[in-house]
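One chain, subunit A, appears in both complexes that follow, with subunit B as partner in the first and subunit C in the second.
Right after this comes the complex of A and B.
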């Protein structure tokens, strides 16, 4: 506890800062509903066009709608959108200096800060999201197994950590390359596809799906969404949990490696 | 043992050099030319506990690069440094807990929150006890006169007030070694003076070690007995401020207040005229010749008054600053 005490204060500062932008968060939640509605409508049109086809990739019409809703819900907590930009920016303009001189580990500091910020975010977007769910209630498949919901809540933090570690690693490219924002956008698109946020991975040909499932990305979207939809049996859930633990360790070691190597190249610009 | 020991410390950067123009930019895509910039070259120095040392040098001289290495922000290319017995770039927590850095051009406080929140965060990060925190912050805000502003958002503070909170944040954990990089930059004269006096008193009371860089000579002369002048990555001078004059300046400034008109021709054989504004004439006289020349001038001309001055210290340091680097000198041959 003694070791973690400083990070309590970090979380407190992060939450206070987040509260300053409460209206921004609320609006973000509201605006975030627009793409959700579009995706949902688009998929419903696809089902209708195919003569109310029974299932695509194992998903019924309402399950497909719910798939995207759940991913959006989970991302409210686990999304690391713009974290990579932030890390890269901190490296490039020397913003990192103020952390490097303090007895604090920046990657851990940034993680605590991020999670505290997300927690506040969840608070403020909940209202627009509840509105969204009420509007879409007839198209939603609500989870029928409470155990799945418990597993999901238990996995939220690990999922967020995987997402964070990936973003942190991407951001650290800035140690080696100067202007990389276009690269980041490419990564965003790739991550959206590979994680299953764009469409359920089961729509893909089997070999491709299997290949993509070897990567960590699916753990952040495809896994939790299909978990809530009851698509996974007990063994598959366990497999995903173990896979998450293994990927956290791998990504952590990789991030630490990049961090140490990167700091050797860091030029502490700007003082 | 000295608190800061630096031995033959060097830092080289690889810099991408681009010829001007679009065509060269295209060429640069395929074939890049790099230039090695030797920002710091085999610097050695020793600083004892409690010293308040001024780091001087023009922009790009290598003083900030040196400070970055001594803070542990960057790794050196070669050489060794020990600060409080630690190797700075290993960034051990015991090292970081005992040192502070103020970057005048950088904000270390949390922009959208009251200054007190940043201080509280530092308190936890540096593990300052509650009692120690109350005492230190209480003392420092009173000394610097910013008690009222503790609850103000940092972005709403004036530059001077912000700088004072930067100082408080950096001194909160009573660091043994503090680097101040341009702590008075952009401040008005009164705030500059306040901060200067604060630093001097703090150093006297706590006996901690300060390294100060500043472009304001007033800061340096008010605070530092010892200065280290860096140019082109090398130490050009390391010693007492007032000894600079003896070492680098071979001339004095003689001002004549003439009772009768004295023509330029009467003086030119003896000394170089700096300004000629009758009745006042200023001359530049070699140090060694000064006494005899003054004597002769008094004898031959009708002079109401004669004063001999050392040239202003800024000017001497300026001449050191404008020295060519060894490389540039070699290239010009």
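Right after this comes the complex of A and C.
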């Protein structure tokens, strides 16, 4: 157990650091309501235009607006926004040296730090979001099956891990290429589409939807949101969980492979 | 006035020369923005494969709005945003001294010193997209409307600028003002939507109290929908008033400037 002790410290430090920014987080949650509000207004207009053929891709209006609300809530915990930038930055300017000489594994260290930070973030951001939910309650579909909610909570950590592993792999490109941060924005766009964060994947033509579902990205947005909306039956839920486990293993092995190869190339700038 | 235009030409040339030294950066910046545009076009395409109009905006009217919004955003980002973005750092470190000690208007210098040419090239994509949509709508050309469009286009940039500049001026009082940029993009999201999707109260609020509708909806309306003359003059009055307000904020802010480290 003593091998894990440093990480407990890391988590505690990360939480204390995050707490310094509590007002910032609260404010971010408040301003984050604007996109949510626009989503609600936008889909309201779309469904008015749909007239008497309401469901789109199997989603009624309130299900559609809730879809985006749930993704927003889940991302509060699972988002790895800027992690790839951070890792690339550490590699490029030799910041990584500091961790390589300590008795910690950097990828694990960064994960613990990240997740502790997100936990605090959720605490403060959720306050304004709950306010928003109360204001927009007429447009929201609340989950009617408590089992789905339990599955979601159980899956939060795996979802965050998938997201983290993807970001970590992207960040490690910095081992091989210099100054590629702008490329990361392109990945963000792609991930927004492929994960279903931009729109439910069922709005796409069937073959395209099936193809995108072969990738791991949908597990971070499309799966949890459609789970809460009761769109998945028991077998589909089980399939998604197994697929999440499999993807975690694949991504983990891939990340470890990149990490080892990368360290061999790492020139430790600044020494 | 002429002196400022001349100065601006020098800034521009200076940045062009600098940028040529980092050609890759230019290309990557350029493609990144194009990918963003492509993303919103995919979104647009998916929505309009299900409906004929949203809030009364038909397919190509809305595409025109996307084009205008992209062009305004890119113009603002490449000419003004790059500078506003640095402001909080300048204030925190005391580097602002350099700008204050030049014999020209400090707000002008601080807001226009650098040009981001990667974004600059993208302006033409936005214009091209809007032009394409406009062509598809096959509307008659009306020189008066075109002139109004140009004025409202610049007006939209001014309002964007005032919003961003004011957010950054908060750094005079708040030392850690890092979220301001994120806030800016989330707030301007309100401007990028057709105003007709909002309910009545919100629309009034966004026209008169927090005039986001004026930025992009007004110039788009004048070309592909309709905009009355009073609306046109109202829009300009708002832009000018806000610009004046920004100079006041700048002056009040400077009074609290501590000029750290000097």
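As a convention for this text, the second predicted complex is superposed on the first by the 268 of 271 C-alpha atoms of A that agree within 3 Å, B and C clash if a C-alpha of one lies under 4 Å from a C-alpha of the other, contacts with A are read in each partner's own complex, and residues count from 1 in each chain.
The working rule: contacts are C-beta pairs under 8 Å (C-beta built on N, C-alpha and C of every residue); 3 or more make two chains touch, one makes a residue touch a chain.
A quick note: this is a predicted structure, and the numbers were derived from the prediction, not measured.
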| item | value |
| --- | --- |
| Partner chain(s) touched by A:182 [first = subunit B, second = subunit C, both, neither] | second |
| Which of subunit B and subunit C A:8 touches, first, second, both or neither | first |
| Subunit A residues touched - subunit C or subunit B, whichever exceeds | C |
| Contacts of A:49 with subunit B and subunit C, given as first, second, both or neither | second |
| First, second, both or neither for A:266, with subunit B first and subunit C second | first |
| Touching partner for A:17 - first (subunit B), second (subunit C), both, neither | first |
| Subunit B versus subunit C as contact partner of A:102, first or second or both or neither | first |
| First, second, both or neither for A:119, with subunit B first and subunit C second | neither |
| Subunit A to subunit C touching residues, read off their complex | 24, 27-28, 31-32, 34-35, 38, 41-42, 44-46, 48-50, 56, 179-180, 182-183, 185-186, 189-190, 192-193, 198-199, 203-204 |
| Residues of subunit C touching subunit A in the complex | 24-25, 28-29, 31-32, 35-36, 38-39, 42-43, 46-47, 50-55, 176, 178-179, 182-183, 186-187, 189-190, 193-194, 196-199, 202 |
| Partner subunit A, residues of subunit B touching it in the complex | 13, 64, 67-68, 71-75, 91, 93, 96-97, 99-101, 103, 105-106, 108, 110, 112-113, 117, 120-127, 181 |
| Contact footprint of subunit B on subunit A as seen in their complex | 5-6, 8-10, 13, 16-17, 20, 94, 97-98, 100-104, 263-264, 266-268, 270-271 |
